[in-house]
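After this come two complexes, each holding chain A, first together with chain B and then together with chain C.
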Partner chain A sequence: MFSDYSLGDLGSILAMQGFAGLILFSVFVLMALGLAIIFGQMGVINMAHGEFMILGAYVTYLCSELFTNYLPALYNGYFPVAIVAAFCASGALGLLVEWVLIRHLYRRPLDTLLATWGLSLILQQVYRSIFGAREVGVELPDWMLGSTHLTDTIEVPINGIIVMCITTAITVAVYLLIFRSGWGKRVRAVMSNRTMAGAVGIDTERVDRMTFGIGCGIAGIAGSAFTMVGSTSPTAGQLYIVDTFLVVVFGGAQSLLGTIASAFTISQAQSTLEFFTSGSNAKVLTLLTVVAILMVRPQGLFTVKVRR
Partner chain B sequence: MLDVSGMHVSYGQSEVLHGLGFNVDRGEIIAIMGRNGMGKTTLMKALMGIVPTREGKVDIDGTDITQMKSFQRVKQGIAYVPQGRMIFSTMTVQENIETGLFVRGTPSIPPDIYELFPVLSEMKARRGGNLSGGQQQQLAIARALATGPKVLLLDEPTEGIQPSIIRDLARTLRHIRDERGLSIVVSEQVLSFALDIADRVFVIENGRLVHEDNRADIDEAKIAGFLAV
Partner chain C sequence: MRRRLLMGMAALPAAALLPRAGFAADKPATAAVNTTGLAVTDDTVTVGILHSITGTMAISETGSVEAEKLAIEQINASGGVLGRQIKFIQEDGGSDWPTFAEKAKKLLVNDKVAAVMGCWTSASRKAVLPVFEQYNGMLYYPTFYEGLEQSKNVIYTGQEATQQIIAGLDWIVKEKGAKTFYLLGSDYIWPRTSNKIARKHIENHLTGTKVVGEEYFPLGSTQFNSVINKIKLTKPDVIYAIIVGGSNVAFYKQLKAAGIDLSKQNLMTISVTEDEIQGIGGENIANAYACMKYFQSLKNPNNEKFVAAFKKMWGEKSVIGDVTQAAYLGPWLWKLTVEKAGSFDVDKVAAASPDVEFKGAPEGYVRIHPNHHLWSKTRVGRARLDGQYDVVYETKDLMEPDPFPKGYQ
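== the complex of A and B ==
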């Protein structure tokens, strides 16, 4: 499949598909970050994580509609507002879900799996009732459209660069939160030994709620980014949850660096392969490679070495 | 300071503690002696709220803590050094101690904690999991002290520790008590250590306290008899 292209062409294609994959990479990183901190902190696999992302996407869509209809002069600035709103909406829903549902099911992994799966179906139906089954898309303001030319043959989409910057900022913020803040210290203590964390005076249930809320809020931001690569529909989140699980498992659930490296590898592999074969072939090839690597390194790409 | 009465604790259907009761005065050190499987750890966990107390009452300074969660008990002034230390192995020494500060909102580690354990001060940035057994024991005590307790619980602190370090440990615990007027409850199988630090000694057997001696009139042979297998 590579033989029709010259070496120079191949280089350009790789670079351009690589940049095109940036938004996908960002969505993966943000989704995986949320999923991984929730799983690491409380052992809950959130099957509804994709729906939290889609909530963020709908909030972004609502923001763009709002600006179009009432504040057209400020349309250029809608995206930052949408990101904050998406984080707040998904985060708030996360807090509510934790309080109503999840906290009653700790230490019952199968039950949380089923409960969050049920929640994902409910949310999909709610979206369908409110927004309709049709896909919705957002108009990007002019300054975010188009691309810059790096060389004659390589061009980079501007929105990709913007989303990359946002993702970098969020990742750094999460890193600082986990390794430098008081909340992060509590989270790491609970991850290390929940019983003992309680016995040194940490209110573990409150930490759980905060963590779930923040994880879901980050999924909301992923939803904002998602509006740039895909159109938002009630079931769009489902397509991403499997990929995100892949990213988390491949990266090794405990490691921030692993999550990023694995999101990068998987999104780039998919984006590049998609150019040469069909989308589903790209998925299959990626999946096979990940499975093969996991057979050699079952603990994932990165792990922390310490005596337990 | 700490008043325990009629404490019944069970795992599922099987009752392990059958109505324990004792009290500890301010600045007093008591030792609870017993062989493996007699219920020492269960008692400690029940006092910490890690396993529920089915019947009975636990008071600290007049406040009933029987139904409280672990972190609320810590706030009331009870601190715990568990069997096996249970330090947070992926966190640094300093972070381990800092986890104890949240409950009182203390901004930074009080210097007297590092003064008690200079080794920890030298190893601030090491991961807790990479410390030796004796150092982890010191870290677990430092972390407990960071919560600013009135009562300190230690579950078999000498387990797996060299004899020379056990003597240091006894000295440190007495020093902590003298400095802070802390009450200490320590569970033990090593009689010499208990005799070294305790003002009163209890013997626990099959979930009941079966013997009590004051330091002045301790019957060493009798307690040794309880501990012999």
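== the complex of A and C ==
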């Protein structure tokens, strides 16, 4: 397949392909982080994760409409505003959902699966009723479109770079929040031993609510970022949910480092296989590999010792 | 036995009304036009509309429902069918194929509708087909599809694959001197069958042309950077893309982001109508070529009237894609066929269908072929920034529908 091409061509394609892998990695990390926090730290299987993402995407859509119609002068800078708004909207919905639904189900993890799946159906229909069944087109300012030339032959998509930047920023923020702040310490305490944490005076309900809210908020940011690469429709969240769970479970549910390692492994495997075989085959091979590894190592790549 | 008894009872009141019906000279008696117990009265006839208005497919099927309702309203305003106003019962397939079958059965058995306008995906059509054949109903199916099917009980108002594909390939080879093609598709029956036809045509029927890549992606795939790199490496003259649904949006956004300029790189698609461009964004797909039978921008008096009426009924912002127009043909073709047959009976309608002509079609003249597909022209459009297409080519003659093409399977 490569005999017809010059070395220079191949070099630049490989470089671009490497970059495509990195973009996929960033996308995976971004969509999985919110779920990793909720699933890993709280044990809640949030099937509505994709819908929280799409809420972020719709908020971005609303922001773009708002700026086009009322603040055209600031249109070029609407995206950061949209990201913050998406975080707030999804986070707020997360807090509400936790208070209404999730907190009653903490001791019944399998029931959360059913309840959040129902929630995802409800949210989809709500989006459909409000925004219509059709996809909405989120317009982006010109500077976020197109590609940039690193050398004469190597060009990389700008939206990919932006996704990578957002992912890096969010990952660092989550790391600081969980491992370097007092709140993170309480979250980790509740995760290791809920009863004991309560006994030493940690308000476990409050910690749970904030954790769920922040996890959902991060999903909102992911949705907002994905308007650059994907579609925004009531059911678009379903496109992401399988990959998201795959990344989190493969990485080891409790470990944020595991999530990142697993996103890296899966994305590199998939993009390399896509290049050498084809889209559908790459997916099959990746899934088979993950299944095989999980059979040998059911706890995932990384584990954290937890006393239950 | 019980059913026959019930049907006999249903026919009784109609028979009693027979003498009275004679007053209206232009309106034939109900008993004469309805011998099989369909939901036909002296003043009304009931049809069914069966599409997904919830679930994934609602995105696509909404336009079809709107077009069918518009056609029914217009037919009623012009005097109805055999002097009877059309009433419709709408059912929701819910993007779920068994539900489609169940609702089809309900429409045919409980509601006794005279015809059904419905379905969108091939999967839903395959699910309802046995129901329509068993209970002898009439389905008007609007979507362009892969072919390889023909039924007495279905009129296919969209194009089958060879009608849509071959003319477009011929055009791009002649007009752009294209030699190499990269075939892409979502991974299910329609893109795979269509690409198979495209490949056969490129390899066996055109000269000096070849396929340099063929690839499929799971439905809902959102990452296309790897295949875009492969396209950059192989530098095909034409990217031939049959990607559907949410994947479409991701594909065109990423293509644009990767610096592939569609004004320099030819791309031809048979799956992106004006409907899909709303989600993709005109700036991401401008200059791509689409090959189908209808574009909203078609310039002819029928279409101008149709577009104006559609926007009046469903809002100024609504757009009309190929399938929406094909859905609009359904009620009209049914009306013309019923009037030709002089009866609502399904057997007579099916028998009268061949050679029914509709001169008022927005796409221009269409005619039903004996194989129950439509003779229609094929057109190539170039996408504009505003999400509409400029028609750059149309076939001189109507393309003959050929659902079982020899040499293409």
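Criterion: the second predicted complex is superposed on the first by the 265 of 308 C-alpha atoms of A that agree within 3 Å, B and C clash if a C-alpha of one lies under 4 Å from a C-alpha of the other, contacts with A are read in each partner's own complex, and residues count from 1 in each chain.
Methods note: contacts are C-beta pairs under 8 Å (C-beta built on N, C-alpha and C of every residue); 3 or more make two chains touch, one makes a residue touch a chain.
A quick note: this is a predicted structure, and the numbers were derived from the prediction, not measured.
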Touching partner for A:Y240 - first (chain B), second (chain C), both, neither: second
Chain B versus chain C as contact partner of A:D111, first or second or both or neither: neither
Touched partner set for A:V200, first chain B, second chain C, both or neither: first
Contacts of A:S192 with chain B and chain C, given as first, second, both or neither: first
Chain B to chain A touching residues, read off their complex: 48-50, 69-71, 74-75, 79-80, 82, 86, 88-91, 95, 98-100, 102-104, 127, 129-130, 143-144, 146-147
Residues on chain C engaged by chain A in the complex (per definition of touch): 53-56, 58-59, 62, 187, 214-218, 220-223, 225-230, 232-233, 245-250, 253-254, 256-259, 275-276, 278-283
Touching residues on chain A, where the partner in the complex is chain B: 182, 185-186, 188-189, 191-193, 195-204, 304, 306-308
Chain C-facing residues of chain A, complex: 5, 9-10, 13, 16-17, 19-20, 23-24, 27, 125, 128, 132-139, 145-147, 155, 157-160, 226, 228-236, 238-240, 270-271, 274-275, 278-280, 282-283
